[in-house]
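Questions regarding the structure given below will be posed in turn.
We just call them A, B, C, D, E and F in the order they show up, numbering each chain from 1.
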C-alpha cells in the first residue's frame, strides 16, 4: 500500500499559461509511453517476478512513476489556468477543452484515451525486463521531443529532470536483466520457459 | 508523491488455486469499473477541484484505490499459482494465459484491456463528484457479482472488505457533493459553469 | 419500436459555415458524453430496470436523446456546407475531412471514434440511475464548454436548448433514484444486491 | 425525431433461459456488424446523401434497425432471466455477468465494447451505399451463424425474421446505388468526387 | 511468403517538406480505410475463399496493398524531413511528433491508432467480396479528399496513381463477386449459408 | 515492394481439427505480440532508421514476419475445417465463430481486435531497437505458452519453428543495437536526441 506525502517529487512552478504546450505534455500522462503506463506496467509485473531484488526495483520505480504522473498533472494544470476562449481556440487546445474543460484526463497528445494495450505484462522475467527497458527508452524519446517543442524554461527544467530519471531507470532495468540472466541456468536463459525440445 | 509500505491494506491469503475465479476477479483490476480506473479518476480529478476538503478526499480515496489495486493483483496472482495445462484450459483461463502467462495484466474479465474511455474527468466539481458516486456504485455491483459467482471463503472475505469500502466512498463523495453545492451560490448551482443566459 | 417524424425536436437553422466549431460540436454526437452514448445507455438499461415508472422514464429520455443526436448531426452538417479547401485546412477540420468528407461520423472532438466503453449498463437499478445522473452532468458540462467556445447565436440558441434538457433529465433521474430507493427495503438499499453477510 | 410505440416490431417470447446463446446473440446488438452499428451508420449518413429517395431509404432502414436493436435486447434479456450462479458459470456467461449482471450492454460476443471504428461514413453517396450493402451482408452472415449455433425454436424464429430483413435491406441499398449512379453523370460515376485530372 | 524487391511500385520523390500534408496522408497508412487495413483484409480473407480465381485475386491485390503501404510511408517520411520546431508546431504536426518524432506510425489523421475493428473478415465469400468493394470505395474517397487538400504536384502525382489502383481493384472485386455468384447455386445465392427454412 | 511466392516459409499440415487450440493460436496473428504487429512495427520503423545495415535488417525481418502471419493463418484455418455446431460450442470457439465463421480475422485470443496501440514507432534508432528486442521476447513467450497448452505434434512442430525464429531475431536486433551505439558518438549515446543541457 502507499502513503501520500503532500509534496511533489520535484517542484513544478509554471508562471505562464501555455495551452499549446499543455496539449503536448499531457501525452506523458496518458499517452502510449507516459507515466500512467509506466507505473501500471511495473507495479503489476511484480507478482510474477521471481527475484526479490527485481521485485523491489519494480516497486521503487513504479512508485516513483506515480510521483511523475502527479508532476505531469501539475504541469498541465498550471499551463491551462485562466485561459480565455480565444487562447483555447488559437492553441488547438479546444478539442481537449470541450470534453474535459481544464481537468487533467489521461490521454495522448493525439486525443486517444490511455489504453492498456500499450503496455505488456507477460509473466516472464526476461521478457518483462526487456519490455521495461524499451518503455524507458520510449519515455525518454517523448521527453526529448517535448524539449524540442517547448521553450518555456519553467517547463523544461521539470521535463529535463523527468527525462534524466528515465535514463536512470533504463540502467537499473538493465542491471535487473543481467541479474536475472545470472540467476537462471546460464546454459538455458529461458529456463523458466524451457525450449520445449 | 507516494511512499510505499510493504504490507497490503487488508491481508490476502488464498489457499486454493482457482483460475476460473481469477479470470473474473481481474476485472476489478483492469475492467470498466475496477481499481485502476478508480485511482486514476480520483487522483487526476484533484487538479480542477476548487475546495481543499474535496481535494483531500480525492487524494485519500485515490490513494486507497491504489492499495486495492495491489490487493486485487495479489488475489489474481495467488489464484493462479502452479496451474497445470489442463487446469488452465478447463477453467477458460487459457485465452488470458496465452498472452500473459500468470502475470497480472490490467484487463476486464472479457479480455478488453483497460481504457481511459471508461472514466470521466470533466474539470467541473459538481459533475466530477456525480461521476465518482456513479463509479463507486459500479464497483460495488461488480463486487456483488463476484460474491455471487465465487464460493471460496478466502477470496470472499477480501472481496467483502473491498465492497464495504466502496460503499463508504460513495457516502463520502455524497458529502463532498453536498459541501460543493453549499459553497457554490445556492441560487445557481452551476455557478462555475454559469447558465449562459 | 420507433416511428420517425420528419421534423427536428427543435429547429436548427445555421446561416454561416464554421468548420472550427463543427469540429467541437461533433463531440456531442460521438464523444464520451454525447447523445449517441446517452440514448444507448438509457434504451439498453430498460431491460433490467424493475419498476415500470423508471423504465418509462428511460424510454422517454432515451428516445429524446435520439432526437438530440439528429439535431447535433444537423448542426454539424450545416456548419460544414460548401467549404473551400482553404477553410477546411485553416480551421483544423482537415483531419476529420480527409476521412469523412463532410459526412456526419460519430467521433469525439479529439477524433476518437465513439466507444461503448464510455457508458455503463450494470443491471442494477440504483447503480444505473447514479450512472445516468453522472451522464447528464457530463453532457451538461460539454454543452457549457461549447457555449464558452462558440459565439454564433444560431448555434448557441440550439445548444442552450439541449443543455437545458440535460438539466431536466438530471432532475428526472434524481426522482427515479428516490423512487427506486423507496421501493427497495429501506433498511437495505441494496436489497437487489444483498450485502452477502 | 422519433416517437416510441410500445410494441416490438416482431414478437419475442423466449420460454427457456439459455445464457450460452445470449452470450452469442448480444453480438447483434453491440458486435461489429450488429444493429447499433447499422442504425448509427444509416441515420448519420443521411446528412450528406444528395438524393431525397436515398435519404428516405436511410431514414426508414435506420429507424427499423433501432427496432431490431430493441428486439435483440429483448432476446438477450429473456434468455438470461433467473439464472443460478452455476448456470452462469457453466455457460461461459460469467465474464459478461461479472461486469453487467443481466443488464443489456452493447458488446460483441467476444466482449469488445461497440466501437464506431466498425462503421464508415465517408460523405460520398456511391461509397456510403457500397458500405451499406457490405454491412447488410455482414449482418446476414452473423444471423446465419447464430442459426447454426442455436437450436431454440423461440429464438430462431425471431432471428430468421431479422435475417430476412437484412436481405431485403441489401436489395434496397442496391436499388439506391443504381439510382445514385443514374443521377450522376454516367460518363463519370465519381462526378461528386471528380477524378482530379 | 513474400520476397522483397528494393524498389517502390511507383516512384516517390517529394522535394518540399510539408508536415501539414503528412499529417493527413498518414491516414492512408493507418487510418480506417488505409493500406494497412486493405492488405490485412484481403490477405486474411484468402483462407475461407472457396474459389481459386478469387483467392488469387485476394493474394495479388493484398500484396499490392503492401506496396502501397510502403509508398505512403515514403511520402510521409519525405514530407517530414528536417523540420524546424516552428514548422512542426505551426503545421499541427506537433501532436504526432511528440509521440513518434518523424517515424512512420500506423495511425489515422485523427491520431487514432489503426484498429482491426475497421476491417471485416466474415468467412463468407459473397459477404467478404461486398466488404472488399466497399473498402475500395472508402479508400478512393480518402484519396479524393487528399487531392482536394494537397496542392503539391509531387505528392498528388503519386496519390492519383494510388487512387486509380483502388478503382481498378473495385472493378476486379466486382468481377470476383459475379464469378462467385455464378458458381453458387443461382436459385440460392446464399448456398454456403443456406436460408435455414 | 513485395513479390508473392506461392509456398509457405515452413510447411503447415494439420491433420486434426481443434478449435480450442485455434482460439489460442489466433493471438499470434492479431494479438498484442503477434505477427501482424511484428511486421508492421519493423516495416514502418525503416524510414527513420539512419543506418543501412539496420534498415536492411528491419526489411528482412519485417518481410519474414509477413510469412509467419501467413503460416499462422494457415494453422488457424486448418484447425477449424469442417466443424460441427457442437464442436464449435464445446471448444469455446463460438464467440469467434459467430462474428467470423471460420474466416481468419486479426484478433487476440481474448477477442480484442488488433490495435496499433500495441506497437511503438518512435523515430529514434536506439529506442526503436529496444522496442524490437522487447517485441521478440514477447512473441517468444506467447509461443512458449502455446507449446504449454497444445499437444498436437503437427501444430507444435510449426510453433517451435516460429519460436526459434523469434530468438534469432532477438539476437539480430541486439547486434543492430550494438552497431547503432557504435556509430553514434560513444560519449553521448543519445546523440540523435541530445541531452538538452
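Throughout what follows, contacts are C-beta pairs under 8 Å (C-beta built on N, C-alpha and C of every residue); 3 or more make two chains touch, one makes a residue touch a chain.
Remember, it's a predicted structure, so these values are computed and weren't measured experimentally.
In this assembly, the chain whose C-alpha centre lies farthest from subunit A is D.
In this entry, D-F is the pair from D-F, D-E or B-C that repeats the interface of C-E, since more than half of their contact pairs coincide by residue number. Look at where the CA atoms of subunit A average out and do the same for subunit D: the two points lie 40 Å apart. Subunit B and subunit F have centres, each the mean of its CA atoms, that are 33 Å apart.
Look at where the CA atoms of subunit A average out and do the same for subunit F: the two points lie 26 Å apart. The distance from the centre of subunit A to the centre of subunit B, with each centre set as the mean of the Cα atoms, comes to 21 Å. Taken residue by residue, subunit C touches two or more other chains at 32-33, 92, 99, 101, 107, 110-113, 115, 117, 122-124, 141-142, 144, whereas all remaining positions touch fewer. If touching chains are joined by edges, the resulting network of the protein chains shown has some other shape, matching none of path, cycle, star or complete graph.
The set of touching chain pairs reads A-B, A-C, A-E, A-F, B-C, B-D, B-F, C-D, C-E, D-E, D-F, E-F, using the touch definition from the header.
Against subunit E, in their complex, subunit C makes its touches with residues 85, 88-89, 92, 94-99, 101, 107, 110-113. For subunit A in complex with subunit F, the residues that touch the partner chain are 32-33, 112, 115, 117-118, 120, 122-124, 126-127, 130-131, 133-134, 137-138, 140-142, 144, 147, 156, 160, 163, 190, 193, 195-196. Within the complex formed with subunit A, the subunit B residues making contact are 1-9, 29-30, 36, 40, 43-48, 59-60, 63, 66-67, 69-70, 73-74, 76-77, 99-107, 113-117, 119, 121-124, 128. Interface residues of subunit E facing subunit C in the complex, by the touch rule stated above, are 20, 23-24, 27, 31-33, 92, 108-112, 141-142, 144-146, 148-149, 151.
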